[in-house]
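Listed next: structures, encoded as structure tokens.
Note that subunit A is present in both complexes that follow, paired respectively with subunit B and with subunit C.
Showing the complex of A and B:
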């Protein structure tokens, strides 16, 4: 468990955007370094490669790249660390990992499951609640 | 069972090419999955005890290859030793990701301060050579 970060006490808020950025990179490095462990625990080595997992983690981080408030970044990092801890502690199962992170990404699983049916309304409905 | 046979196939293919530095981790994989695929009782540390060959002379080429794959550059794009990552279209997260890819590829561990200072391909290759020598 040397590579997981345990937030037993909440660290003080980031003073500046720069410090928040550094924390994001530290979190990303911790996640990348625990990728081999994750692949062993859930035996997903025949589904994804480590570099694909790395790019998945990076894309998740990039989803929030537009945030500029350091406190919001801290909160997101907290949630991310919690998620990473859950995964590494084997609190999840293989189908959680695959469903949440691997499937549905066009680079990894070509979208063969979605047949071209349904109207525009249905497509929007499947995508999100609000449209 | 299927994954055991799959990993045994990958073992046999790994033995064919001794250059692969992932050989050590492949062996470890088999021993873990053979024990009934129960989750391992102790976490394996970040694999440092790899069976790696002598340092390859074309480190820069490998770095270039990893950078190209990471940034999804077309094959005819010229990436030389002194191309900066920023120029190639990488933002800071991409740079960290490239460093992580290099860490995995070469089995090294890049320290925090040195990672911040990497801006060009040549610097990355130099750092890798230095770390490989120290091992």
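Showing the complex of A and C:
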């Protein structure tokens, strides 16, 4: 199986926040090192660059940066490792990768910000039936 | 007869050990210098330029503040995750794989330039 991340043995819970932090950085490095493989599998070289993908991974990690419980961090790392495994094993498809990670980010698709200039009426309409 | 003549001659010719060793040493040295493994280290100025380019193209960094002595977290206001990201960008640029213990120490442009310059596999 192509480059499955070390996943088979679930490691014991992190003893401290410092160890959890170290595991987060290891996960980030593993993800960055598999970025060339991902770009080749899903042929996204014309849409994003590796450095943009690194920034995307970093921002996903940063969304949970405020958590202080090591067990919660372990659980999030488990989910992240599982997701990375799925992506690297080609269990997903190109539109999953693009839709979930690439599109909708202002620094990568800047023109979508200008396209959203619908009218105020339309914005309310999309939000709810009653306005 | 030729063999006995040869051994008689060889008995008279005394090649001193040191001289033969020196011959071997110099021959080995010449062989070693012909291999392309000798030109390991990149030019220091080229390393500095490339490292600074990598740091400047990082989206959260202000390119005007980047100098060869700048500290990532103290001067550029990045956090530890950004530090790891910059180290990964350097790994990609120079086609290296930096082990964890070394990567933790790379905190500033100066250390990054030193590490890359001293690494034999950098390209």
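In the analysis below, the second predicted complex is superposed on the first by the 107 of 131 C-alpha atoms of A that agree within 3 Å, B and C clash if a C-alpha of one lies under 4 Å from a C-alpha of the other, contacts with A are read in each partner's own complex, and residues count from 1 in each chain.
Throughout what follows, a contact is a pair of C-beta atoms (placed from the backbone, for glycine too) under 8 Å apart; a residue touches a chain by one contact, two chains touch by 3 or more.
What you see is a predicted model, and the numbers here were worked out from it, not measured in a lab.
Trainee: Mind working out whether A:15 is in touch with subunit B, subunit C, both or neither, as first, second, both or neither?
Mentor: Once the two structures are laid over each other on A, A:15 reaches no partner at all.
Trainee: In the overlay, answer first, second, both or neither for which of subunit B and subunit C A:51 touches.
Mentor: Both partners.
Trainee: Counting residues of subunit A in contact, which comes out ahead: subunit B or subunit C?
Mentor: With both complexes superposed on chain A, more residues of subunit A are touched by B.
Trainee: So, A:41: does it touch subunit B (first), subunit C (second), both, or neither?
Mentor: first
Trainee: Where does A:32 make contact in the superposed view: on subunit B (first), on subunit C (second), on both, or on neither?
Mentor: Both partners, subunit B and subunit C.
Trainee: After the superposition on A, what does A:90 contact: first (subunit B), second (subunit C), both or neither?
Mentor: So A:90 only meets subunit B here.
Trainee: Between subunit B (first) and subunit C (second), which, if any, makes contact with A:61: first, second, both or neither?
Mentor: both
Trainee: Of the residues on subunit A, which ones does subunit B touch that subunit C also touches?
Mentor: In subunit A, residues 21, 24-26, 28-29, 32-33, 50-51, 54-55, 58, 61-62, 65 are touched by subunit B and also by subunit C.
Trainee: For a test of understanding, state which residues of subunit C touch subunit A in their complex under the given definition.
Mentor: 57-59, 80-82, 84-85, 88-89, 91-92, 97, 100, 103
Trainee: Can you check the complex and tell me which residues of subunit A touch subunit C?
Mentor: The touching residues are 21, 24-26, 28-29, 32-33, 50-51, 54-55, 58, 61-62, 65, 107.
Trainee: Okay, in this complex, where on subunit A does subunit B touch?
Mentor: Listed in rising order, the residues are 1-3, 21, 24-26, 28-29, 32-33, 36-37, 40-41, 43, 45-46, 50-51, 54-55, 58, 61-62, 65, 88, 90.
Trainee: Taking the touch rule as given, give the residues of subunit B at its contact with subunit A in the complex, in rising order.
Mentor: Contact set of subunit B toward subunit A: 3, 6-7, 25, 28-29, 32-33, 37, 39-40, 43-47, 69-70, 92-94, 96-97, 100-101, 103-104, 112.
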